[in-house]
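Structure incoming, see below.
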Amino acid sequence: MSLLAVKDLCKRFGGLQAVGNVSFTVAPGSIKALIGPNGAGKTTLFNLIFGSLLPDSGQVWFDGKQTDGWKPHQVAAAGMARTFQHIRLFPKMSAWENIAVGRHVHSRAGFLASMLGLPWTQREQRAVREKALEIMRFLGVAELADVEGISLAYGQQRIVELGRALACEPKLLLLDEPAAGLNMRETSEMAKLIARIRDTGVTVLLVEHDMTLVMNISDEVLVLSYGEKIADDKPLAIQKHPEVIKVYLGEDDA
Amino acid sequence: MARRRNLPIVVLALAVIAVHLLAAAAGKPQYLTQLTMAGYYSLVIVGLTLLMGYTGQISLGHAGFFAIGGYTSGLLCTYNLHASSGRALVSLLHAAGLLVAGQDLYGAEILVVRPWVACVVALLVTIAIAYLVGKPVLKLRGHYLAMATLGFGTIVYKVVLGSSLVGAADGISDIPAFPLFAGLAVTGKSALRTQNYYLAWGLVLGAMALLTNLIHSRVGRALRAIHGAEDAADAMGVDTARYKLSMFVLSAGLAALGGVFLTHYNGGIGPSEASIMKSVRYVAIVAVGGMANLWGALIMGVLLNFLSLRGSFGSFDDAVFGLILLAIMLFAPDGLLRAEFVRRLPGLRRVFGQKAEP
Amino acid sequence: MGISKIGLVSSNTGFGKAGKEQVEKAAPGFGIQIVANEVYEKEATDLTAVVTKLKAANVQAFINWSIEPAQAIVIKNARQVGLSVPIFQSHGFGNIQYAKAAGPAAEGVIFPASRLLVADSLPASDKQKPVLLKYKQSYEARYHEDASTFGGHAHDALLLLGKAVEKAGALDKEKVRAALESLQGVVGTAGVFNFSARDHGGLGMDAFEMQTVKNGKFVVYSDTAAKK
Amino acid sequence: MSPDLLFQYLVAGITYGTIYAIVAIGFNIIYNTTGIINFAQGEFVMLGGMIGVTLNAFLPVPLAIAGAVMATMLVGALIEMLFIRWLRRPSVLRLIVITIGLSIAIRELALLLWGEGVRALPYFTGTAVSSLSIGDVHISPQVLWVLGISAVMVAALNFFFARTLLGRQMRACACNREAAQLCGISAKNMVTLSFVLSAGIGGLAGCVISPITYVQYDSGTSLALKGFTVAILGGLGNSMAAIAAGLLLGTLESFSIWVMPAAYKDVIAISILLLILFVRPSGLFGNAEAARLKDY
C-alpha cells in the first residue's frame, strides 16, 4: 500500500504540456527523489500534488483519499507538508513563530476563543511554543528562536522553513530543492537531516538538482523530461538508464 | 505572558480616568465630547489595523461599513411605522416589545423601532453585507483589492446620498437617544457627558482587550502568516480565504459598532460619514500608527481625530491628512511610533541623498 | 406664460434637495405638474443625458435648482440638445461666474435674486441702492472679482449683529438677542430687514427681484406678464 | 422612445465614454511601466485644464494648451522624481497610499492657487450653445474635437510604443524590468518618462474637455474613479481596450439615466466594475494569463 499514488496526471499551460500522463507511487517511510532538467515540470508536479494547481486530468491519492481538487490547506490538514523552491518564510515573524504556524492544523483556537483568551487557548499556546522550540532543538537552531524571518541567513532560512513543515507532523513531506543555494558542507548536512527525518517515520518526496544528495539518500528516483516520466527506479539503476544519460548529457546543465 | 499583555489595557484605563480628571480640573468638560467621538472612530481604526496591518488586506471602503451601521440604526429609530400600525407584521413586532410609541416634536403619534433592537439589527445587517461583499472581494489582491473596496465605499456613499428614504444630502437627524440601563443613555446631552465618555472608552477598552488577545493567539499568527506569504500560510493548513473573510467581517462589525454609537451620540448622521475621504482618513491613521501596531493606531487615531474634531486644522483638514499620509509613507512606512524610525531620524539626510544615485 | 408641465432638476446637495422639496410642494397649488424630476451630481461633467430626459418628457419649462458649477452645465447642455424652453434657476445662480461659464447658453435664464446683482441699473429712488453700490465697489476693489449675493449675506449678518449690539448697549447674550429680534428697517444687501419675535428671516418677498441674463450681464427681468 | 432620442442618449454616452477613456489611457501608461496605479491621475487632468485656462488669459488657445501640457508633464516628472524614484522595493500598499496622498495634496494646492472658482477654455469652434444637428439629434462640436484629438493621441501613442526606440524601451521595461536593465535600459528613467507621458496626456485631456465639463480644483477625483473603472473594464494596461470599455461604460451610464434616476448613475458604473473584478479581473477584453503575470 503506497502513501501517495499519482495516476495519469496532466497539466497544460496554454500550448505547453507541463506535465503529461505522469503516474508513480511513493511507499511509506521511503525517500523518493524527483529529478529532471530545468523546465521538466517538477515544481508543477509538486503544485498539482499539493493542490496549488488544479490538474487538467488524472488523480492524486494520498493516504487512501483522492485529494486532487482539494485546496492546499485541506491537503495540509490531511497530513502533507511542503517547502518552497524560493523560500517562503513569513518575513516579519520570528523563527519560532514561523514554525508555530506549522502547528496550525494541530491546534484549534478560533476567533472567538482567541479573543476571549479562554484558559484552554492559553494552555494550547504554551504547548505550541514548546513544540516549536523542540523542533528547533531537533534541527540544531534553537538559538535562532527570536530572530525575525527576514534577518536569518539564507541557510538558516532553509532550515527554519523545513522546521515549519515538520511542525505539521506530516505523513508526507514535499521538499522543493532543499539544497538550492547551499554550499557543500551545508548540503551534506541537509542530506543527513533529511535522512534523520525519514528515520522518524516521515515519508519524503523531494525535487533536487544536487545528484550526490539524491543518489546518497533516495530509495527511489523518478526522472521527468518535458513533463513526461522517462524512468522510475532505484538510484543505481537510474545512473545506468540510457535515456536518463541521454537527457542529461544532451542538456546544457547550467 | 498574559499578564504582560494586560498591562497596556490597565494603563489605557488609567489614562482614560486621568484625562477625565484633567479636563474637569481645567474646566474644559467639552473636551470629553470630542474625546467620546474620537473613541467611537477609534473602533473603526483598530479593526482596520487588524485587517490591513496584520492580515495585509487593504480596505478603502471602511467608512461604508461605519455608515451602514449608523444609517441602519438611525433609520430604524426614526422611521415612523404609525401609519402601518394595523399591519400584521408591525402589530407582531409591537406585541413583542420591539417597537416604541411616542410623540414627535409637533405632537404627532409616532411608532418606531426600539434603539437597542435597531442597534442589533444594524450590526447584523453590516455583518451580512460585509460577508457578501468580502467573499468575492478578498479573492483580489493589490490594486484590484484597493479598487474593489474603493468601489464598494463609493456605492454606499452614492446610495445614501441619492436615496430620499435616508434623507439624501441632509442625512438623518433627530435620532433618539439610545437608553442602555440605569439611566445611562447614548446621547449628546451635556448632563450625560461624563457617562458617555466612559461608555465610549469602555467599548474601546473592551475592543482593545479582545483584539490584543487575538493578535497573540493562533488566529493572530495565522493572520500575520497570510500577510507574510499567503501561499505558505495556505500550505501550513491555514484556510486563508476563511481567515481573511472573518477578519474583514470582524473589522466591518467594529466599524458598524462605532457608527451606531456615534450616530446616537450625535443624534444624526449624514452622507459625509460614508465618503471616500473618510475611508482614506482611516487608512491614513492606521498607516501613521504603524500598520501592524494596534496601540500606535489607537494613539494616533485619538490624537488626529480629536484635533480634527476640535477644528485645529481649520479648512486644511483634508490637506493635513493628505500630507500626513504622504510624509509617513515616504519616510516612515512602518509608522511614527516605531523604534527604527526614531533611530533613523538623524540619518534623514542619507535618505534624501539616495535620490542622487543613479 | 401658460406653463403647466415643467421639469425639475436639482443637485445632490442640501441646497438642491431643499429647493426640490419646496418646488414639489408648491407646484400643484399653481396647477403645475412636474413631469420630469431628476437629481444630478454636484461633480457632474456632462448632463446631456439628463436634459435629453427632460426633452423626452416634453416639458414647457424647467427649474434648475443648484448652487454648484454643474448648474451651468445643465443650461449649456439643454441648449445644445435643442431644448429651447424657458429655464428658471434658483438664487444659487446669483454669481456671474456661472453665467460666464455657460456663455451664450445663460442668455434668458430667469432667476430670483437680491438687487445687489443689478445695483447699477436700479433707479436712484431705490433705498437699497447706496448700500448695494458701496458694498459692490468695496468688494470688487478688494478682491478683484465680481460681487455675488453670497458674500453679501455675510456682510448683512455682521451688519445686523453690529446694529443689535449697538441697540442692546451691552454684550449680554439675552439683550443682544432681544435687540436683534426688534430690528426694523435695516437696509442690507439682501433687502430691508424687519425682524420680530416670530420672524427670524426678516426679509419679505420684495427682497427678491426676478432677474435674467442679457448680453452676459444680470438685468432685472421686466416682462411682468411672465411672473406667475 | 423615438430613434432621435435614442441617438441623443448615444451621443451623450460617447461623450462620457471618450472622456473616461483618455483618463484610463493615462493610468495604463504608468501601470504598464511601473505596476503602479496612480491615484493622482485625475489631478493631472485638473492641472492641465487649470493651467490651460490661466495661460489662455494672455496666450491664444493652441499655445495655452501646449503650455499647459508641458507644465503638466513637468509636474509629472517632479512627482516621480520626488516621491517615487528613490523608494527601495516599495510595497503595493505603500504606493497606493502615496499616490492617494499626492492626489489630496495637489487638489488642496490647486484650491490655494486658484480658489473654488469654476473655469473653462472657450469652445474650440462655436459657442456653448452651438451644435451640429442631424435630424433632431444634436452634437456639440467640442465633442467632435474630443473624439478627434483622442483618436490622434491614441494613434500617436501606438506609433510611439511600436515604432520608436524610446517606446520600445518602455515596453521592454513593462515586460521584464531586470532583463531590460541588463540590456542597458535605465528602468528608472523609463518610469519617469511614463509619468511625464501620462501627465501630458492627462493635461491635454484636461484642456480639451474643459469647455464641456469645466474645471475646478476638485474635478480630478470623480474623473479618476471613472478612469479606473474603464481601465479595469478594458483590462489594466490595455489602452485600445480602454477606448472600447470607455465607450461601453459611457453609453451604459447614459442609457441608465433614461430608465432610472440620474442620482444612481455612478452606482451602476461601479457595480459593473465590481462585477468585472469578481468574475473577470483581467477585464472584458483582457487575457487572463497575461493579467496574472502582472498581478502584484
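Chains here go by letter, A, B, C and D, matching the order in which they are written, and residues are numbered from 1 within each.
Throughout what follows, contacts are C-beta pairs under 8 Å (C-beta built on N, C-alpha and C of every residue); 3 or more make two chains touch, one makes a residue touch a chain.
A quick note: this is a predicted structure, and the numbers were derived from the prediction, not measured.
Among the remaining chains, none touches subunit A as well as subunit B.
On a Cα centroid basis, the chain most remote from subunit D in this structure is A. Measuring from the averaged C-alpha position of subunit C to that of subunit D gives a distance of 36 Å. Centre to centre, using the average C-alpha position, subunit B and subunit D are separated by 33 Å.
Averaged C-alpha coordinates put the centre of subunit A at 76 Å from the centre of subunit C. Subunit B and subunit C have centres, each the mean of its CA atoms, that are 40 Å apart.
For subunit B, residues touching at least two other chains, in rising order: 161-162, 168. Along subunit C, residues 12, 39 each make contact with two or more other chains.
In subunit A, there is no position where the chain touches two or more neighbouring chains simultaneously.
Under the stated contact rule, the graph of chain-to-chain touches falls outside the line, ring, star and complete shapes.
Applying the touch criterion to all chain pairs gives A-B, B-C, B-D, C-D. Subunit D makes touch with subunit C in their complex at residues 1, 5, 8-9, 11-13, 15-16, 19, 117-120, 123, 127-131, 133, 136, 138, 140, 209, 212-214, 216, 218-219, 221-223, 253-255, 257-258, 261-263, 265-266. On the subunit C side of its complex with subunit D, the touching residues are 12, 38-41, 43, 45-50, 52-53, 55-56, 69, 72-73, 76, 79-82, 97-98, 101-105.
For subunit D in complex with subunit B, the residues that touch the partner chain are 37, 81-83, 85-88, 90-94, 96-98, 100-105, 107-108, 186, 188, 221, 225, 228-229, 232, 236, 261, 263-264, 266-267, 270-271, 273-274, 277-278, 281, 295-296.
Residues of subunit B that touch subunit C in their complex: 161-162, 168-170. Of all residues in subunit A, those touching subunit B in their complex are 50, 52, 71-73, 76-77, 81-82, 84, 88-93, 97, 100-105, 107-111, 114-117, 121-122, 124-125, 128, 149, 164, 168.
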